[in-house]
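Same chain, two partners: chain A is paired with chain B first, then with chain C.
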Partner chain A sequence: YPSPMTPMTPITPATPASESSGIVPQLQNIVSTVNLGCKLDLKTIALRARNAEYNPKRFAAVIMRIREPRTTALIFSSGKMVCTGAKSEEQSRLAARKYARVVQKLGFPAKFLDFKIQNMVGSCDVKFPIRLEGLVLTHQQFSSYEPELFPGLIYRMIKPRIVLLIFVSGKVVLTGAKVRAEIYEAFENIYPILKG
Partner chain B sequence: MPGGGHCPDCGSTELVEDSHYSQSQLVCSDCGCVVTEGVLTTTFSDEGNLREVTYSRSTGENDQVSRSQQRGLRRVRDLCRVLQLPSTFEDTAVAYYQQAYRHSGIRAARLQKKEVLVGCCVLITCRQHNWPLTMGTVCALLYADLDVFSGTYMQIVKLLGLDVPSLCLADLVKTYCSSFRLFQASPSVPPKYVEDKEKMLSRTLQLVELADETWLVTGRHPLPVITAATFLAWQSLQPSHRLTCSLARFCKLANVDLPYPASSRLQELLSVLLRMAERLAWLQVLKLDKRSVVKHIGDLLQHRHTLVRKAFRDGTAEMEAGEKELRERCQGPEQGKEEVASSSLDLPEGKRPASPTPLLPPCMLKPPKRICPPPPVSTVTGDENISDSEIEQYLRTPQEIKDFEKAQAARQAARSVSNPP
Partner chain C sequence: MTGRVCRGCGGTDIELDAARGDAVCTGCGSVLEDNIIVSEVQFVENSGGGSSAVGQFVSLDGAGKTPTLGGGFHVNLGKESRAQTLQNGRRQIHHLGNQLQLNQHCLDTAFNFFKMAVSKHLTRGRKMAHVIAACLYLVCRTEGTPHMLLDLSDLLQVNVYVLGKTFLLLARELCINAPAIDPCLYIPRFAHLLEFGEKNHEVSMTALRLLQRMKRDWMHTGRRPSGLCGAALLVAARMHDFRRTVKEVISVVKVCESTLRKRLTEFEDTPTSQLTVDEFMKIDLEEECDPPSYTAGQRKLRLKQLEQVLSKKLEEVEGEISTYQDAIENELESSRPKAKGALANLTRDGSVEDTTSSVFGEDDAEDEELEAAASHLNKDFYQEILGSGLSSSSEGAGDPDGDTRPPALESLLGPLPTAASLGISDSIRECISSQSQDPTDACGDGELDLSGIDDLEIDRYILNEAEARVKAELWMRENAEYLREQREKEARIAKEKELGIYKEHKPKKSCKRREPIQASTAGEAIEKMLEQKKISSKINYSVLRDLNSKGGGGLQEEDAQPEGRTATRKLSRRKTPARRHRADPVTGVGKRLRPMVSAQPAKKAAAGEPLPLSPSTLGAEPARPTAVLVESGPVSYHPEDDPDEDDPDEDDGEPCVSALQMMGSGDYGCDGEEDDGY
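And then the complex of A and B:
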């Protein structure tokens, strides 16, 4: 039986601390994995599902898509699945459950084992330009800035272990998080460095 | 050499010839006993018949080094010589290559990657000595793809834990400018186009500094900015004869490749110069455009520090003020403060020059391509019930399956007809 719908408060954090930036990074992509717990026949799945793509010569997995939450799944014959494109952890889990249901309806005894968030990507805008050449000098042990290769500076933060892409326009991309708090913490750490 | 070939110690017949410090020795491979020492003294005529043994072969240093590594080390030395680098650079680059080779991931890499690694080691050495070598040059010399180079470069810097300084812009300007074939008349370079090297270098440097200060360099490939600056410097030194020459033609007669972004950098630099010209009293009246401003580059550069300060206001302060203004306007016109009314937007027309533009990178000055509305706050818990009908929309009907199978079979048949076994 479905559980009664309880009104949920927004997932984003409440009023930021007084000394923080006041900017909250938006989550853009969540990658999660789950084990469906049974071997799958990818040819059958590709035949019987409308939303599946399967080119064994190109890639050894079925690529499946659903509209809500708008996500893509890679389904392997071992029964393991990767779910990408969700904008929150909860949406990623809901999407993964829907893919598992599709596979069940296609005739496989799919379960939902070891669901895990593997990576979270967030982005935000500090709204002021950043002298990347200056940042790579002052924080050289964490930074890599090669304008001949890529316009952004790659900042590898140690605590938390997050990689940030910092651009001259002030836009920042944060990736490598397993939990959302790591994204927020990484941004709060980098903001005073960027503000300088 | 004595015949027989038995080790006097253990009696084994497994004797091998081993070269050690230019002496040939016969050694038992079982017990290590040195059977013959080789000739210690020679007559003059004997020495004439002896072959010279190279140091690296006689010390046995190459016995531990694989052929692939030896080839790579030779390529490193070759590349250093082609680039005419100082001899100390060669040893450093070779050391980096050897260091890289100690990692199993590099030893097992494809030949293409090992070839590119040669370039990476040379580039890192040059960067550490502030020698302005670009990745483009290295890739051209190695006939390598920049993408492959980039991957290996980033990997090796991380693997060896190296601190690689940034490319020095001033040094790059000097090297790059010097490669322009404009300092002597030739069949392709008319006399009016010939320019003094020092004058051109000095002006180009000033223009590149100006570009750097006005956010045209950060985040961009350094070379196209320098190409644009060199062109403007050259044009401005004799504008009457050179304004008719285009950037493309300039690069062609100077025998230098025209990088694609250079035209865009040129336009940006001209816009900056025009803004500065608006602040110079005797140029305001001339109503300059992107062509005529070139004639006055000398003057503009002479006063560039003052002009940049006057022409551009602090971009950050302006953005914050602008946002504050917007918020106040949204709250209601009655709440608008007096300071808002006296902002630069309300200056009387014609009394002052156009209000200074904010000093921001070009990407921040362009209007956003599309306005992304903030995403609605999600109330998804992940535990919602999933209805059957929602899932069924993703399943094919039996008729659809039959049709799909028919189509697949037809495609298979068509394929086998066109490709008979």
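And then the complex of A and C:
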């Protein structure tokens, strides 16, 4: 049986003895959508809400902001709404409900249908510098590194389907997840690759 | 000459007459071959008396049917779209490539990339110039030429990031992994532009050495290679006593001055910069530095930690100061005459508790310290009591720490067997997702759940009457133009509606894939096809409709068979234009009747296409044997032949013979063929 000295390859699934990174990515942004279920008059909303801006020539939606949780929402005349800027799923849901409540108070029969989280962004620091050129050589089917265009390496992981931006300073940004677990899983997948 | 033997007399003396194009046996005079294809050059006499060769210029690729003897103005006339695109692309590639001084091999490779891109529909919705530039840059990268994306951007006057986006997409779609840019590639080019004269080679070598040193010191990861080259060349120039200023270098290298200075500063921070010129050429330091962004990040982290420690120490010092203050005041109080018996007791108790709370404050988090500090400063009787009360209660809460707990838990759970390792992650996820659906359903079909929402807070987001009026005024003024335009548009639409010529401009919907035509009979198929599309202006549609009634078996099969083919094969939108012409009733097919006649039995036997009407074809055969035989043979195409035969047939269809002629008087055609010497 394997003695404690045998090296564990990163390919084996997580067992208690394998090295986990011990670093947890922090969620930075959550984008979610919800259907308020009724047609809205954007002009009314914009003119009677304190925190709303509406510039129909530029964009066909009302941009509303609330302070707690600090989020921004795009409210469309069809009744659909996009909520961005929250740092957790619960906060995103709470913020979306607050916006719906504001719309309700302004006189529209707003409901709260099909709340769905569309995108989650997380970031973390592995605390050691990363050789991007080496990574693009060994994982060239997933990586795209163009220093002329962007200083980071864009790694498109297939399973789970997440895009990671990897920088030479050791910072990693993960995006494209629909659930929190995908971000964690993606980071656990990439950590042994980065360590080399 | 070819050593053939005459069939008649067995003689081998065959004479080939190129002018007449026949081969004759000189023994018996029998003609062995007629209409030989010759490849001789013929000359005609010009009006001026000179002679010129007879012939056409045919382009290397694409159908070069239009004669462009040195003209080229009508190059794109009458060709099909794909060929036009490719030819256009080729022209642009050559034009741009020559400006970049790329050799022919590179240009050909770029054209190949372009052809691949067109076949994958990557040119749709993108400016041709961008795609061309991306193809050229891809070639530059794979070949390793010292061309930057910036050069292309300069030539096209397009934002480099836009080109970059197209380039990345192209590389991804074509699955071509271009190797990472090596800044060393650019050194010769920039060195040449900086005009070092005879010492060019030496300076280049020094610059290369510097670059390698920078690479080992992790300076080049994530940076524009041109910036690094500039810095390396500048230092190398100085080392060889060339006085190149920063301005000269940046004009060649195309980076900003601040970028160059930053690179120089970073290089200064490395230990290699301390070596002298000679030492540098000989010695290679062992240690490698961390990338500058990493060290900057670490420094920031350390600074933040230091700040935190400092602020804690500050609080401690404040706490100490306040204890001294208390001690002093106690002394003062004790030295003062003791008045207010009961109250004095209370104050003394309060001050004792203050010291204890200050002690707690030093041990606990900053919040408690702040409370203690505030209570000291206030010196209010009630405040002190409140402060002590709060400090005791806030010990147990630790609410600010609560937020940071979940991540710690996650890190604890990490090493434990996860659901994935146990292989039940999927089932767990299913359970969880079904559970999460329930709360929303339990919400009462989408009713807004108001729990956790403070109504007062929401009310603060809504303006009152006066504010709303002011905002309305401002908004109206801001958007007056837009509102006016909207009103005019409405008026215009209303007027047009009245006049009955209202044309609603719906936003363009992308064309859906056309459903293959499902029809039970040939006639139905034809009708459906006609409904769907107008095929060509050269078809007499009324005649086509009459065909059903008139044509009978064979004619219907003709039309049905193209339909059958279209039904069995998935039509992509791309193909339908070609298909259209293929399905065009018979102008092309008719032309092929004649050459196909001789080969028809073979073709019929080889027809592998499962046409639904083949049994009826056979059934109808006895009725009109010759007509059916002739017509069904060539129509049963092999799938592979079709794409090739599309174009020539389309072209052949131009000198139009109407459907009526080919179909209705099909007898004539058949008879004519039969007459043709068979």
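The criterion applied here is as follows: the second predicted complex is superposed on the first by the 178 of 196 C-alpha atoms of A that agree within 3 Å, B and C clash if a C-alpha of one lies under 4 Å from a C-alpha of the other, contacts with A are read in each partner's own complex, and residues count from 1 in each chain.
The rule we apply is simple: a residue touches a chain if its C-beta (ideal position, glycine included) is under 8 Å from a C-beta of that chain, and two chains touch if they have at least 3 such contacts.
Just so it is clear, the structure is predicted and the values come from calculations on it, not from any experiment.
After superposition onto chain A, partners chain B and chain C are found to clash with each other. Once the two complexes are laid over each other on the shared chain, residue contacts for A:G22 go to chain C alone; chain B is not touched. Once chain A of one complex is fitted onto chain A of the other, the partner contacts of A:Q91 are limited to chain B, with no touch recorded for chain C.
Of the two partner chains placed by superposition, chain B and chain C are both touched by A:L106. In the superposition on chain A, A:V136 makes contact with both chain B and chain C. In the superposition on chain A, A:I75 makes contact with neither chain B nor chain C. With both structures placed on the common chain, the touch criterion links A:I190 to neither chain B nor chain C. In the superposition on chain A, no contact is made by A:L174 with either chain B or chain C. Of the two partner chains, neither chain B nor chain C is touched by A:L164. In the overlay built on chain A, none of the stretches 315-323, 369-377, 531-539 or 585-593 of chain C clash with chain B except 585-593. Residues 26, 47-51, 66, 68, 94, 97-98, 101-102, 105-106, 128-129, 131-133, 136-137, 140-141, 144-149, 151-152, 167-170 of chain A contact both chain B in one complex and chain C in the other. Of all residues in chain A, only 2-3, 8, 10-12, 26, 47-51, 66, 68-69, 87-94, 97-98, 101-102, 105-106, 127-133, 136-137, 140-141, 144-152, 167-170 touch chain B in the complex they form. By the touch criterion given at the top, residues 13-16, 18, 20-24, 26, 35, 37, 46-51, 54-57, 66, 68, 94, 97-98, 100-102, 104-106, 110-115, 125, 128-129, 131-133, 136-137, 140-141, 144-149, 151-152, 167-171, 184-185, 188 of chain A touch chain C in their complex. Of all residues in chain B, those touching chain A in their complex are 134-136, 146, 150, 153-154, 157, 163, 166-167, 215, 218-222, 315-316, 319, 323, 360-361, 363-364, 374-375, 377-386, 390-396, 400-401, 404-405.
Here chain C touches chain A in the complex through residues 148-150, 160-161, 164, 167-168, 171-172, 177, 180-181, 218, 220-226, 290-291, 293-294, 296-297, 407, 410-411, 414-418, 420-421, 440, 443, 446-450, 452-453, 457-463, 467-468, 471-472, 475, 478-479, 481-482, going by the rule given at the top.
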